[in-house]
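Report on one structure; see the data block that follows.
Each chain gets a letter, A, B, C and D, in the order it is written, and its residues are counted from 1.
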Amino acid sequence: MGEVLAFWFFAALTIGCALLALLHRNVVNSAFALLGTLLGLAGFYVLLAADFLAMTQVLIYAGGILVLILFGLMLTPPVTNERRFGRILVAVAVVGLGAVAFWEKARGAVWHAAAREELAAPAGTVREIGLEFLRRDSWLLPFELASVVLLAGLVGAVYIARRRFPREDV
Amino acid sequence: MDDTTMERPLREGERLVELDVRTQDVEINMGPQHPATHGVLRVLLRADGEILTGAQSHLGYLHRCAEKIGESVDWLQYLPYTDRYDYLSAMNNNLAYSLAVEKLLGIEVPERAQYIRVILAELNRICSHLVAVGTYGLDIGAFTPFFYALRERELLLDIFEKICGARLTYAFIRPGGLMNDAPAGWTDQVRAFTDLFERKWREYWDLLVDNKIFVERTANVGVISEEQAIAWGCTGPMLRGSGVDWDLRRDQPYLVYDRLDFEVVVGQGYRGTVGDCFDRNYVRMYEMLESNRIVRQCLEQMPEGEIQHPEVGLVLRPAPGEAYVGIENPRGELGHYLVSDGNKIARRLRVRGPSFSNLALAEHLLPGCMLADAAAIIGSVDIVVGETDR
Amino acid sequence: MAKDATRDTAWGPVEIHREAARAAADALRSAGCPVELHEPNLPTYAPPGEGKRLAKKHKEENPEYEWRGDSYLLLTDRLRLLEVARFLRDELGYDMLIDATAVDFDAADDHLWAVYQLLALGRKTRLTLKTMVPKADCRIDSLVPVWPAANWHEREAAEMFGIVYTGHPDPRPLLLPEDWVGHPLRKDYQYPDEYHGISCK
Amino acid sequence: MSALLPFAAAGNGLTDWLAGLFPAGVPFWILGLLGAVIAFALIMVFVSVLAMFSTWLERKVAGHIQVRYGPMRVGGWHGWAQAIADGVKLLIKEDIVLADADRALFKIAPCLVLGAALAAFVALPFGPNAIVADLDLGVFFILAVSSVTTLGVIMAGWGSNNKWSLYGAMREAAQVASYEIPLGLSLMMPVMYYGSLSLHRAGEMQADWFGLHWYVFSDSFWLAIPSFILFFTAALAETKRSPFDLPESESELVAGFHTEYSGIRFSFFFMEEYAAMYLMSAVGTAFWFGAWNFPGLELLAGSALYAPLAVTVFVVKSMILVFVMMWVRWTVPRIRIDQVMTMGYKYLTPLCLILVFLASVWEWAKAALTGA
């Protein structure tokens, strides 16, 4: 019962905030609305017993990426001539496609209680993830290393693309 | 937004500034009520993120028509108004005005009065520099040095209170001499202060000036070159901070300064470039010590005698004529240009305030600096808005 | 002890400034600049009661009254101000403009004085430069190209006296509000009754 | 402190204690919800008292550093009631919401800021049994939740519709996003030493040697001390304390992100600041300075005094670190934003990475030698 209530609460939070983010006229307010969506998702992860993932979600997405999005939004001039209708159309299209894809995937899935128990069981998720890193046949470490390489690439790209402005010597 | 850039050859006086993100310029109003503008100065800043791209000062929020008032009250009645231009160094303002009027009158005050005037002016200089250094700490974000500075300033205000009854606006040094002689025990109090101050000075140095963060914030920030300082008519610590060896007390001595032994402190580039914010503060710091030395010598040399010129009464009627006298105020050259037509009221009374000229340059230092440097640079100029606006 | 025995009065050196003014006048004249050197006597104290008489004398009886005080250079042709200023700075070493202001001596006068206080750091001398600006054609060259220090001083004088400094890079009012009417330091200035609903009386 | 006692004495957490009070049929989620409400109330009370005490302490510390006394009148002895008087004043002050502000954001921001700070208290172990929820993720939870306060600050800065506030918000964004990296990394050294993210477990592991087996005194002390210095520096930046108080630097940005706030909303920011300071100090205490352990305290184990004394030890130790934060604030000037960035990215982060490497080698070597 508690879990169901929590599920509906998080679902409402996630979808409500997502809609708010989509429909709000002010882009900064939309970004703030994303906070609710991200926290709602973190709630889902907690319900699925993935604490570490939930906390990572909050730390990285809410505390990091959202901050950077806002930082970027506040520094750049606002776009005023955007048409709202077009945005909604795109959104409906994306959601529709997503729903179709989900339906295709979920149609054949088997939902039973055993899976739920399996999910709820492990307590030390941190330990599991740590061990996963060290397993010989795991792709987790190469995956993370690849992200570091990508980061280096991004930094390099920013440096190369950096523009230099002539200024009066003052 | 111009992203023209690396292809075009640089024009003279330009340099390449690297910016990761070129953002929309923001116009912000620093003041008239802002903690770092030391009163009601308003600086309109244009900023690209944290970097300033333009600055414009707007004065006049404290304009009290001092020059106009000077044309409607008589020579002696104007004296209290001088207290109010640079309210942190009112003794020096009194002195500057009194000397100008005395020049117009053609009189010299008795020697004892001259010594007491020097003592008061120098104590007042310490007083003013203490506030300058302390509030500069506030501008940089250090609160505590301000209180340390005010602790010693309080002793000085007691000294002033003892001799003239007022703590901030004195109207004590007046055309023709002084309001009254020093009361009994006053010289001992001053002597005790000079001994104490030398020890306390070290505390400000250790706590604020030699602090790593303070040095990082002020060294190489707001550099004024020697030529710039001279061309813009900067005076006082602003000029000496840029390495120009010029002090009216030594180079155009008035009162008894030619009998006193003191050094003119000049910016050395002690932690950065000559003429940066650190140097201006450095000059103020060491000037306090020199003033302390001057006071000591004056106490030794001071003769007994009269303190008032015998011929000067309450109503002054200088002969038609004009006079300019500039003296070394804590902030630079405070000049009075007086024009008399022989009446008891001035025909024209021009006040040349040091902060006024110094501030004119400051707004040209801001573009290219960071927002936090704006506080550091305006603070290092040490303006008193009462004087820029008068 | 005394590093420079330049002090001759308690209010600062006078004699070296006089000599400097003489030297400057000679140099300017030989360079063909239209300057006059005015060397009033040292100031003297007018005995009580005398001052008023002197003033009256100045106003009514004798236009050639005795003027006292600092010596100064009077530029007779104000149109050559920039040239003279450049000469003073480059040839005579007056590298610092301490003050630039104006004087309206009398409402009845047909001219203002523009007064410049100069300082030569190297020679340690001062110089006062004056020129007449007719009230009918109240314009004069800005000295900002020679001494940037003139910038704010001229802005102040412009709003207070109504002098137009031609060539000034930033001729906005400085101390007064932008919509202030009149030039307060003119002797014929009329006080306004109110300013934006604020009574001025 | 007494507010924490009911569940300090209760053994395994709040919910179990509640379960004992109710008949068996009550569903677990109701107990959980009730527990959450009680925990929230407890934390709220604790933080309010803490903030009041800290403001008083801050003013006394500032006063004595600045050769004066600080508040002396309200309440008699050293102005002890000053903070209460201030609190009452803030409560009854007019609550101004600017006409041109983004009303929703302006109002949500203080709640979000304070809410996030309060939520992080859930994982703090005040004593061996005094913990609201002994999360396995402990310190990671604290880091994650307290990072949400950043968003609240940005929200406040943006919602105020004031350029100075916006500057404060942008500085906060830039600063906190950069300092979360060294903050997280500097916590890796104790985490590797304890082999756990739980602060509670860290406290238990430091109980040896008559309560002096603190991390800073352990065989890894040569890692503990530098890592604590790095942690403390990053924590100062994270909590916007001087010399990193750029988001609210009063000589530059008037009052930064909270320029436009007044009354109770302002006091929320104030409480958040002290809550965050305490939080970081408590993490430092739990990981480096032996949590609730203190020589001699073990002797009392089992007696009724043990739990309250342990809580007292923990709180006092944390308050000492809070005091150090205040001490730093009233001593040093503020650094500039580019210097903040330089320090974070060019010095703290690489140093932390080096320490993480050294620590992993050291802990591995220890494990290999002892055969664990």
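Keep in mind that, in the parts below, contacts are C-beta pairs under 8 Å (C-beta built on N, C-alpha and C of every residue); 3 or more make two chains touch, one makes a residue touch a chain.
These numbers were taken from a predicted model, which means no experiment stands behind them.
Asks: Chain pair with the most contact pairs?
Replies: More C-beta pairs are in contact between B-C than between any other chains.
Asks: Identify the chain whose mean C-alpha position lies nearest to the mean of all protein C-alpha atoms shown.
Replies: B
Asks: Roughly how far is subunit B from subunit C, centre to centre by C-alpha average, rounded to an integer in Å?
Replies: So the centre of subunit B lies 24 Å away from the centre of subunit C.
Asks: Between subunit B and subunit D, what is the separation of their C-alpha centroids in Å?
Replies: About 45 Å separates the centre of subunit B from that of subunit D.
Asks: In whole angstrom, what separates the CA-based centres of subunit C and subunit D?
Replies: Once rounded, the distance between the two centres reads 65 Å.
Asks: List the centre-to-centre spacing of subunit A and subunit C in whole Å, with centres computed as mean CA coordinates.
Replies: Roughly 72 Å separates the two chain centres.
Asks: Residues of subunit B that contact two or more other chains, please.
Replies: 49
Asks: Tell me, which residues of subunit A touch at least two other chains?
Replies: Residues 75.
Asks: When you check subunit C against every other chain, which residues touch at least two of them?
Replies: Subunit C, residues with two or more chain partners: not present.
Asks: Would you tell me which residues of subunit D are touching subunit A in their complex?
Replies: Checking each residue of subunit D against subunit A gives 27-30, 32-33, 102, 104-105, 135-137, 140-141, 143-145, 147-148, 150-151, 154-155, 158, 166, 169-170, 173-174, 176-177, 180, 197.
Asks: Help me check something: in the complex, which residues belonging to subunit B touch subunit C?
Replies: Residues of subunit B touching subunit C: 59-60, 63, 65, 67-68, 71, 99-100, 102-109, 114, 230-233, 235, 244, 246, 248, 250-261, 311-313, 315, 317-327, 333, 335, 337, 339, 341-344, 347-348, 350, 352, 356-357, 359-361, 389-390.
Asks: Please name which positions on subunit D make contact with subunit B in the complex.
Replies: Interface residues on subunit D, with respect to subunit B: 62, 65-68, 163-164, 167, 170, 242-243, 245-246, 249-254, 330-339.
Asks: Give the list of subunit B residues in touch with subunit D in this complex.
Replies: Per the stated touch rule, the residues are 26, 28-29, 34-36, 49-50, 137-144, 146-148, 151, 207-208, 211, 213-214, 216-217, 370-375.
Asks: For subunit A, which residues count as touching subunit D in their complex?
Replies: Touching subunit D from subunit A are residues 1-3, 5-6, 26, 28-29, 32, 35, 39, 51-52, 55-56, 58-59, 62-64, 66-68, 70-71, 74-75, 123-126.
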